[in-house]
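Two complexes are shown next, each including chain A; its partner changes from chain B in the first to chain C in the second.
Entry: the complex of A and B
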């Protein structure tokens, strides 16, 4: 698989059809990857594809696209972010080449708890889930333990925008439904819900890692950084944190593809996908569209139908 | 005043009235319909509760959902939003865009535990002075029933 990927990347760079290939390379430890920006065929030899390739690389596209055509290694779910970027005219369709890799699911780092991390040699797909090669022998992790929750509920079939496909996409067999956690949360009373978020947002240190990791958060100047129109104080009090997170959610409403990068990037463990999943569900129910499905569809909150549901029906 | 000053200005005056708490309500209304409707209510000498602070905006499509979030962050007990009826927008379709945003915002506020009674959206035209007075009356009562807002952080 990696061979085919490197081969493709090499061809693209050698022929000069792209300036840059964005992909994954081995990180400083065997269970982590780091983004690779390959500009020469030699650099493309460092590309990898294994369960540690969790990042959504689409986040880098708006920054690099202005300097020429770019190829990007994407999982079928990350393609949706590319679709959104094209839809919002951040990226021209002809400037991007998507290399879709077959993805059985990617590593949930928590799954490695209990293993001696210094001992880990490699992480590969195998069996039902993931096989972690340690110096003391191989450990097989079950699917529930190996993969991120978004992967356990993944139902993505064919990627909507695939220029180059490496291998065959595995057949999805979701273990969970992504709306289960929303339904579970919705059992709480309004007061309990408010307390829930008050506690979660009290943890927030406003490092803005969620914003940086989000492929939808590409504003040149984010509302939190504005100086003329100061939306909120730089200090982190729970109410300001609440305002920051709800505002961010409203900004990505109808555009959030549920890649879960915000939650994964959060150093404080705030369950941000609980908000994103709810928005996704509501948008689909009310306006009948989902983010990242077709590059030709108009942005969901940038269009309307006269027959839309009405907050105050006559 | 800048829009930031308007929305961060702490309402004062009736906060500590003799019989205790009175709701603080902020209203974002469209210049062409609801604001004119409010004007009509005033010139027709209709009575409605004085708890509402009106912020006039050019169009309901101008209402950034962050205005409403900011109002709740600042501790307003209720937020009223109103604009022209669908199809009657002065700018042809501003209220249609607003409608999608407001629908979503309403859902997310409720989801995050803000009582749905604290947020109200209505279409009020320039001719509906009577309706404006009624809506404000009803909404103020509704906010009174749910009581003081404890804030978004607890």
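Entry: the complex of A and C
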């Protein structure tokens, strides 16, 4: 699989049809990957594809696309971000080549808890989930334990916008529903929800990792950083933290593809995908669409129909 | 003072007896992260996570701290300073890296007069009970940048888990007061040997010392690595806000109509606005300059200014960076290609 991926990337760079291939390479440890920006065929030889390739690389597209055509290695779910970027005119369709890799699901690092991580040699797909090769022998981890929760509910078939497909996409066999986590949350009363988020947002250090890791957060100047207009304090007081997170989420409502990069990047363990999934569910119920699914559909919240629901109380 | 021992089952009782005098701060696990928190129920303390996800920074320089308040009235303007509070804190479960970082921050905040009073008031009112790292994390590399894991600094007590009890070393007068408690007994020779065994085992799992200190001073300003790092860096503040030696802050106003306050909050050189000047010029306008700044500040400028590395090898940035920017790898690469 990696061989085919490297071969394709090499061809694209050698022929000059792209100037850059964004993909994954081996990280500093066997259980982490790191983004690779390959500009030469030789650099493309470092591309990898294994369960550690968790990042949604679409986050880099807006900043590199202006300098010429780019190929990007994407999981079928990451393609949704590319779709959104094209729909929102941040990226021209003809400037990007998507290389879609077949994805059985990617690694949830917490799944390795209990293993001696210094002893890990490699992380590969195998058995029912992931096989971790340690110097003391191989450990097989079931999907439930080793995959990210978004992978456990994944139903993606053929990815839209696939310019190059490596291998064949595995048949999906979801273990949970995408909105399962929301069901529990919705049992809470408004007061309980407020308490829940107050506790979560109190941890926020405002490092903006959620925003920086989000492929949908591409504004040249975020409302948080506006100079002269103080929309909110830089202070981490409850009101400002609350305002930051809820406003960011409202800005990506109908555009959030649920990649979960915000939550993965958060150093404080704030369950941001719960907010995103809840919004996704509401948008779907009200406007009947999901972000990133069709490159031809208009942006969900970017158009108005007289028949749109208006559930606000009188 | 001769080393002591305390049974693990007695720790709760001991901390309880100290809770009248001190606000007890210890690592607590919550929603998958371990943060130093004010603890009331000592059963919540998490000593299994090495090191804690969060640092001690919040307790010495809060994320947001009001410095002064002002109010306008018919008779003029009144400015009030805000008392930083003089409560006594006891930090239980700090790691050797957490404590060593304080020596660095002390140097920064006392470099020029007047020293940073709110910081030093808290610092001087704090007792630190360190705990040895029996199980260093995969990302730990303190032994690469110093020997404070074996010879701790800035601690009053140093506890080593030797099974059903903690071997306790006492370094200060404050530490002597803390162990003058019936729960502590004189350590035997066997206890000392057990502690040595535990330490040797942990040390054998960590990298050996590297002389980063002298190596870094000649680093290349236009090294091709800076561009490579800038490409993948997301420009967030995870590395800085999870770093025990990062100390930069921004001063901001919170204006209301006729009153307001001035506060400081954490800031980082990784943010574009950090060096943005009033007239619009930004000397570190791209991520290339900003990632370089972070590495140079830790490994070059800190040596020049304080004769100390600005990195204690806690590995938090290594573990938490969303794009696996690993400072150990960065330093290795710079050193391998230098002059």
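The rule is short, and it goes like this: the second predicted complex is superposed on the first by the 310 of 314 C-alpha atoms of A that agree within 3 Å, B and C clash if a C-alpha of one lies under 4 Å from a C-alpha of the other, contacts with A are read in each partner's own complex, and residues count from 1 in each chain.
What we mean here is this: a contact is a pair of C-beta atoms (placed from the backbone, for glycine too) under 8 Å apart; a residue touches a chain by one contact, two chains touch by 3 or more.
This is a predicted model, so every value here is computed, not measured.
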When chain B and chain C are modelled together on chain A, clash or fit: fit
Partner chain in contact with A:34 - chain B first, chain C second, else both or neither: second
Touching partner for A:42 - first (chain B), second (chain C), both, neither: neither
Partner chain(s) touched by A:304 [first = chain B, second = chain C, both, neither]: first
Which of chain B and chain C A:209 touches, first, second, both or neither: second
Touched chain A residues, chain B compared with chain C: B
Angle at the Cα centre of chain A, taken between the Cα centres of chain B and chain C once the superposition is applied, in steps of 10 degrees: 90
Touching partner for A:118 - first (chain B), second (chain C), both, neither: second
Touched partner set for A:110, first chain B, second chain C, both or neither: second
Contacts of A:237 with chain B and chain C, given as first, second, both or neither: both
Nearest-approach distance, in Å, of chain C Cα atoms to those of chain B in the combined model: 7
Shared contact residues on chain A - chain B and chain C: 237
Chain C partner contacts - residues on chain A that touch it in the complex: 27-29, 32-35, 37, 55, 59-60, 110, 117-118, 200, 203, 205-209, 211-213, 225, 227, 233-237, 261, 264-265, 267-271
Sites on chain C touched by chain A in the complex: 30-33, 35, 53-54, 63-64, 137-138, 205, 228, 231-232, 234-238, 240-242, 250, 252, 254, 263, 265-268, 271-273, 276, 318, 320, 322-326, 328-329
Chain B-touching residues of chain A, taken from the complex the two chains share: 186, 188, 190-198, 201-202, 223, 229-232, 237-243, 246-247, 249-250, 253-254, 275, 278-279, 282-283, 286-287, 300-302, 304, 306, 308-312, 314
Residues of chain B touching chain A in the complex: 2-4, 65-66, 69-70, 73, 85-87, 93, 96-97, 99-108, 110-115, 121-123, 150-154
